[in-house]
Amino acid sequence: MNAALETHGLCKSFGALAVANDIEFRLEPGARHALIGPNGAGKTTFVNLVTGALAPSAGRILLDGDDITALPQAQRVKRGLARTFQINTLFRGLSVLENVCLAIGERMGVAGDIYRPAGSRRDVVDEAYAALERLGLAAEAQRLVRELSYGRQRLVELAVALGLKPKVLLLDEPAAGVPSSESGIIVDTIESLPADIALLIIEHDMDLVFRLARRITVLVQGAVLVEGTPQEIAADPRVREVYLGERAPA
Amino acid sequence: MSAAVSAFISIAFHGLAYAMVLYLVSVGLSVTMGLMGFINLAHGVFAAAGGYVMTRLINAYHVPFPLAVAAAFVVVGAGSVVLERLLYRRLYGADELSQVLMTVGLILMSVAIFKFFWGPLAQPMQPPAYLSGQLDLGFRSFPTYRSFLIVAGAALVTLLWLGLERTRFGARIRAAVDNRRMAQSVGIDTDRLFTLAFALGSGLAALGGALGAEILAIDPGYAQEHLIYFLIVVAVGGLGSIKGPFFAALLLGITDTAFKYKLPEFGAFFIYAMTLALLLWRPQGLFGRSS
Amino acid sequence: MSDALAGRATQAVEALLRRHRLRPWEALPWLAGAAAFFAFPDYLALGSQILINILFALSLDLILGYAGIVTLGHAAFFGVGAYTAGLLAAHGWSEPLSGLVVAGLVAGLVGLVSGAIILRTRGLTLLMLTLMIAVMLQEAANKAGSVTGGADGLQGMDVAPVLDLFRFDLYGRVAYLYCLALLFLGWLAARRIVHSPFGRSLTGIRENEARMHAIGSPVFRRRLTIYAIAAALAGIAGALLAQTTQFVALEVLSFERSGAVLIMLILGGVGRLYGAFIGVPLYMILQDRFAQADPVYWDFWIGLLLIIVVVFARGGVLGLGERIAQRLSGRG
């Protein structure tokens, strides 16, 4: 069976600076996989490369066995690859509903319609409401995004990505910037995502990582240091060294 | 000396003189745009102002040429600081359209102001006696003033490049152009740096305008008439680059002169087409950094 | 879906649709246009010019205000439309409506081709390329004097009566109504586009392109589409100028014209559909009163006004109006 997402020999340099070094990566269907590493390790760069926001210097990216390396971003989304952003990129002046409708409309291929007024498609709105309901956001559907707390906004960000009905979902620090009082709901939501979606989560919060992930990849300075189960990673001395900067006691 | 070689030398000579003027005026624009990302379409106004200051000093007050030129540099440089503090500063970080429109407004106002004080005609520019006439180099003679222009221009360019490479000020500018956030975080006062760089760029433009008054006549519409060429030099050279616009200016100056000699009808069109092609091939300019 | 949810969805759809319905005040421009016809019979030539420029500015608003593409060369399409209509009329094709359509199509095609080439770039590069296209066309028109009349302008146009009924008269009455009708059609098209999902996605592209890519929006294609449509509308405006004045000068392609329409739009307010309807008459009436008297003063004051608007009232007249309305309704 094909991996949901694979990269082979993925490299990216800006002049002399190599931000991605020969990354070999594999995401299984239905995976719960975390990508961790110190600041500047290249985690977001990796996501940008995979989604097509950044063009690689070398290497291949495969989605469900198909080579998507040359495909533009929007095409990859159409094939089932979606992401959220580390910092909210929602349209703050629009309502929660409209933000989600935009994504669903694109997915359904009706967002390019010039003739009918926006919002007239009942099917788009219905689906948006259903998605919001599942995330507990239905009550706030008509409110402007900027009126919501940051934690709720992160949930909307998630709703938008889910509206694209992805097969592979890349979450870039989903709980970043969210006060601990609100992060619980985000974690619960991620836990209850459909099992057939392959999930890759970038996170710094180790509790979250160990709670959600079944496999972890550690990225350091643009290269994969080690990959394994949470137990293996926790016990690995190299990982401790990278995070704590000291050798594990003998 | 054969006609072809003679024509070639003429084109190279006059093209080089033209390029010097274009570069001196445009280098400040490149730094401004690279440093602060500010699209200043009104940059040519500083060049025109330099020309007006110099010609007024010479024609009305009989100030000696070198002094008048130096005065142009100082006056316009200082004046630009006032303008920067009052106006430009408000629109750093503003969207492109705002910057374009504000500077268009400045051009319009400058046209009116120049016309009001100096009238609509081009300012007469008479080089001093010791720079007039022809310079006989044996195999050929060249117009003395343009020869001076090339030499003076080369000297200024060398001074500029050395200054930027060797001085701390230059290092700070290069750092800030490269990565403003990083520069700020290592303690470089980018605000003050920018005002100084702006003043230097405007002063250089004034020098270019003053020295080059014989090639690019000083009239109220100067900033608008030559805007496209200044922009071409900067865009093709590469924003923020100091050396890039020099080569772009050379390319533009020599090409334009060559066409004026051989095919005067098609010069402008060819240059625009060449710019189009170059920018499509390398959107960041010849020496710009691709993001 | 539960009944409660379905009910909320219905409400939402209604709320969304309500935004697109015609408001009563949207009839104002047309009432004003009709009133002007009767109130100012001696100024109909100026009136036609105003209507033409409103259409031109409206087309610019589509790409500038909605798609966020800053251009210094929009006059390229205006000029292409003008010369196309002019050349048709000068060479025997005197039926105006079909001439208008052809001019629009040609301008739209130029927009499509040039857009396909240059819209992959951004920032200063894109700005320069829009300028290059316009000046290249101007140079070409200048050099092809035998065809275009060069610096002397294109003359000798024979424009037949509109719909075979309405002959262009000396007082400019037919011309004015012709322009008003075409402006109305152009406005209908622009309004429809702006309120459609396509138009909303353009706003999204302008505000946060990264987000639009991330939801699978074909950004380049959308921008190219609106660019071509705006080019066609600008071309129709240019054709109107050619047909109503029966003269085409080189300045229709000029940087000055691109700059002027930009100023007119910013005065009224960008991205609000009606900015053109306010900014254009404001600019042109002021210009008509003051520029003739003393061009120097005109440059100075319009330059100053522009700077003041950009620094203090970026949204133009409509933006100011919005702010006042917000204060009044207490939402501030």
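Letters A, B and C mark the chains in the order given here, with residues in each chain numbered from 1 onward.
Simple rule for what comes next: contacts are C-beta pairs under 8 Å (C-beta built on N, C-alpha and C of every residue); 3 or more make two chains touch, one makes a residue touch a chain.
Quick caveat: nothing in here was measured; it's all calculated off a predicted structure.
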item: Centroid-based (C-alpha) most distant chain relative to subunit A; value: B
item: Most central chain, Cα average position; value: C
item: Mean-CA-position distance for subunit B and subunit A (Å); value: 48
item: Centre-of-Cα separation between subunit C and subunit A, whole angstrom; value: 41
item: Distance from the mean Cα position of subunit C to that of subunit B, given in whole angstrom; value: 34
item: Partner subunit A, residues of subunit C touching it in the complex; value: 1, 5-6, 8-9, 12-13, 15-17, 19-20, 192-193, 195-201, 204, 207-208, 210-211, 213-219, 221-222
item: Residues of subunit B touching subunit C in the complex; value: 33, 39, 87, 90-91, 96-98, 100-102, 104-113, 115-116, 224, 227-228, 231-232, 234-235, 239, 265-266, 268-269, 272-273, 275-276, 279-280, 283-284
item: Touching residues on subunit C, where the partner in the complex is subunit B; value: 64, 70, 72, 117-118, 121-125, 127-129, 131-133, 135-136, 139-140, 143, 255, 259, 262-263, 266, 270, 296-300, 302-307, 309-311, 314
item: In the complex, subunit A residues that touch subunit C; value: 51-53, 73-75, 77-78, 82-83, 85, 89-91, 97-98, 102-103, 105-107, 110-122, 125-126, 129-130, 133, 138, 141-142, 160, 163-164
